[in-house]
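These are the structures in question, set out in turn.
In the two complexes below, subunit A is the common chain; its partner is subunit B in one and subunit C in the other.
What follows is the complex of A and B.
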């Protein structure tokens, strides 16, 4: 188990290293001088020189790469070339907003998805099962930005129930809660269908297991059999998928944050790319990759801890 | 406490963490979805980058200093004739055709303890830009020097008589006054943090790519604006911005041209739609220097093949008419019509055959917004009828401006077609300045290089007679068209929507002046 954990962590660091290298290479692969591209033709030579220096692009390439890796290893992701604030500080300011959006989206999506998956199993083969199948696939197929736009039209413009943009005022819990509803709905809807299909498939496999037959033989109600005995086993594969899903959900957040003008990692990175604010682009990608790897690694370790079958395999 | 890693414990802990994160983790989110009272909420499409007038790039860069700095004069609404009036100046008068005397309004002070606004600040602000590498140096091309005659008074000396100086140089862009002491202390220039402000508003907060908030400057002694707080919301997408407006997230936003008709047909309750002429001119750049376009007959073929009616109807919903140059139509200096005014596909085909350029394939660079893409597609279709294959390259903003920039390598020499638009000024020379030879590889992407044009440009600046100026301007636009480097498309309509209980003021560059907005 320990050696497995060490291997997973080392793999995570390797991936991180490759991502950092790729991100840094991107600066040199994109044609044109980043400072000039960022500032446009109206920029003065002094301003271009200033921006070049702020990005550290006035130094030899080898020095730049060395500085980048050394600083990143020490937790220093550089400075935002416009606001001159530390990139890490900028990221940590907006990351909780994206994280909350992702968790709320994932929370409602998994909750509803699991419930629908269970219902589909209880009524398997019946019209309800087929209807849930169609609904699930439909939810997976609809792009999140389309859901975002339509939900904005319905709930903000027509009904006026929920805010159209933003994340709520500081210290206003209900304002923040209202502001997260539509974005989380748009981000999570695809995962409702996905989770429902996943849980249904896993449950159907579990429902044929001997302990389920035993439970039925004891005369337990089907509701208890499904929720208490089948779901407990079937939910384990979902953990890994949900961990991977969090990465997908955070990616969807890029579009949804743009539509709802919601501060977060998505709007941060979009704005940084548009302005060729490379320290922020690289820092944000690095941070998000690290976060994603952390979640996936933790999920793998948890599964190894929770699932006796995996545990046995690791023990050899 | 016993930490159990069983399934039930995991689910319980997960639920707890989720709830905790949802309710407690965020103390920071603070983007408003609706403010009211003395707050003016304006939507803009991109964040600011440089606030220093020396290096202002455009858009919000320019709108913020309208609020936080002063300029000697302030322009009025472009729909009401672009009248200027003293602003930071108490008085301003021509002593003779080459000298302007000014006296600053008493009581204006810089924030952060940099003392009163003085005539020395005016001298510093103007002279640091004149003759420099700043993009706004052209505003001060006729500035000789500023003579300080008192703490609050001075005389602006011009190298030649130049009547438009007041409207070109003073109201905006390079004309915003900065504090000499503060800028010097900041190292001679600045980007996003103004070292000292003195206008009706000061910046309260900046949430990058989200929102900029200005609040009333407590030390401002001039006329009070109607609003004590201005919030700029940065929403890049026009369609999303319109929806947000309808959901009462802003008081004012620009409208996408192609959405204007439908909004006009059924405007939201309590909203007013603005549809007016703007100074933003659009044209098709044809690079004279590009290999496939060196033969003037090929360039002329493009001018003949271009279908103006289709573009005006298809992309602009008939909200504007064809332009005959870069000078605003319906003004006394505008050319009446293009030399090639009517489409003639047969003639275009004949010219291409004559030049041996059948089967020509050209690359058209266009911005990614919906209007630009629609125009590009119609150009593609209309040139296709003449046998020219046009491949459209939708290009995002930063890469777009790099395409014709000579500091980005030699790529600018070989770009072929580019759909371009600039926000213009009210003085024609402000629009023509970008096509001078020294602008090749900067803004003149056609490689248009005419000695006669440059000669006329110099002469027209000192010419006082309007009729003679008009003739000169017309000839300059003839030269542009005759070069084959341009197809003039239109002046884009200015379209916006705002709450009916406010009276917005929009300057000639198409951007709002929040200081002048009034409550009704």
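What follows is the complex of A and C.
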């Protein structure tokens, strides 16, 4: 298990390394040199030379790449061109908001999705199962920003139950909680349907397995057969897919944060792109890639813990 | 077939089971008018080739037929009550506690993600009054009783960490946990090599000494039947083609299929024959089953009548019968044993 964990983490670092190389390559593909892009059309040649030197762009490429990696490893992602604050600081300031949004969305979506998937299995073939099937396809098909717009209009504008914009004041727990409801609803709803379908399919396969018949042959109540014996096996592939899907959650958070003008990674990166704030764009992408790799790696380790067979293959 | 005076402990009476065909295909008649019974203290064997319906019969006896199976006729009775007519809750109450099953293929019979201890503890849920620790201790004791050394450690193992023989022992231990009145063992030795098989047969023989319930052993291996059983039902293409005490079955088989099975039993061969003898031909299609005798196409004695007319059940001797046009009741057979006496002695040579 430990050697597997180490291998898994090394692999994550390798992927990160490749992503960073690719990102660095992108800087050279952008038309015009980064300094003039950063300074805009009104830049004087002196200013440009100054910035080029400060950004280290006058150095050989190998040195630039080395500096880029060295700085990134030390947590230095460069400076925000506009506010002149360190990029990492800017990211860390808004990241908790996105993380909360993602976790709340994932939490309610996966919880409800697993429950609905189990219900569909218990009542398979009945009208409830078919209704859930149609509903979950519907939930998957509707884009999250559409849900965000409609829920904003209905619950904030018409009914006035929940705030329409912002993320709540710092330290005001209830304000923040109320502010996260609609965005999390919009981000998560597709995942309810997705998880429900995933769990239903995995469960149906598992329910045909002979160990389920064994559990029934010992007269175990159906509730325990489903929640302990079947779900315990069926959840394993679901975890892997949900972890990979967290990338999808984060990208729909970009839209939803914009709709609700909610500070977060999404609003940060859209704002930075609009203002050509390349250090922030690059830093954010790098940061999110690292975060995503962290989640996928953790999910793999969790699967290894949940499935003793995987655990043993890894040990052996 | 011998008519018991009182209701047997468990019986299938005229049981017919069909699997629904997919997309309008005709149903597959896996069991046709099967009648078998088992008494307390008795070991009943069910033999037949792969696909003849043994597992279907075993599943019907415990009320766990797959969703696409339909009981088209007959009943299963436990202590005289119609098991299949009970509501699901009633059946669940009997399963594990009164009728237990050790499943074919112990490789997949246990959940791969829970330890043996957890599963054996869960299987005793009928003893909800006792705590988990007490039930786990019982599970450990039962594992030790079926001959698993180091039972306390095995409780913490996952199924894939055990050898095939150990898993089979664990499956038998699981079935015995609640000291059920009826123990059904589906192919208890099929997945094992010869040494392991001998060990499991030894275990089951020991069990029958101090276990007073009925044991139903399902197998395609005639040798297992000879070692373990008092009475045997031979199944062919979903029908019982012969019922006999084990001695009669070996020495005076009445059905040509039984004779062919005995001729093909590797344990009964003398000298080296290669390749191993087999019954020529294949098991017939069951959707729908052939008219006449299902074995006729492979039978050396078959006459024209066998191919068109279903054979009747012929009582050939005390406790022995065969479904065959050519079977004749035995006259005064000088070598015949009294079935009652054989029953009481356990009829194991």
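Here, the second predicted complex is superposed on the first by the 277 of 316 C-alpha atoms of A that agree within 3 Å, B and C clash if a C-alpha of one lies under 4 Å from a C-alpha of the other, contacts with A are read in each partner's own complex, and residues count from 1 in each chain.
By our rule, a residue touches a chain if its C-beta (ideal position, glycine included) is under 8 Å from a C-beta of that chain, and two chains touch if they have at least 3 such contacts.
Computed from a predicted model, the values in this text were never measured in an experiment.
Shared-chain residue A:156: touches subunit B; no touch with subunit C. Applying the stated contact rule after C-alpha superposition, one finds that A:60 touches neither subunit B nor subunit C.
Of the two partner chains placed by superposition, subunit B and subunit C are both touched by A:306.
When subunit A is checked against subunit B and against subunit C, the one touching more of its residues turns out to be B.
After overlaying the two complexes on the shared chain, residue contacts for A:127 are found with neither subunit B nor subunit C. Of the two partner chains placed around the shared chain by superposition, subunit B and subunit C are both touched by A:232. Legend: residue contacts after superposition of the two complexes on their common chain; A:82 is shown touching subunit B, with no touch to subunit C.
Shared contact residues on subunit A (touching subunit B in one structure, subunit C in the other): 232, 236, 306.
Across the complex, subunit C meets subunit A through its residues 62, 64, 92-97, 100-101, 103, 105, 108-114, 119, 122-123, 125-126, 158, 160-161, 174. Within the complex formed with subunit B, the subunit A residues making contact are 31-33, 36-48, 50, 80, 82-84, 90, 93, 96-97, 99-100, 103-104, 107, 149, 152-153, 156-157, 160, 163-171, 173, 175-177, 179-180, 232, 235-236, 258-259, 261-263, 267-268, 270-271, 274-276, 302, 305-306. Contacts from subunit B toward subunit A in the complex involve residues 5-7, 10, 18, 21-23, 25-34, 46-47, 49-50, 54-58, 132-135, 189, 191-193, 206-210, 233-237, 239-240, 243-244, 246-249, 396-399, 401-402, 404-405, 407-409, 411, 442-443.
Residues 209-211, 213-221, 224, 228-229, 232-233, 236, 306-309, 312 of subunit A are the ones that touch subunit C when the two sit in their complex.
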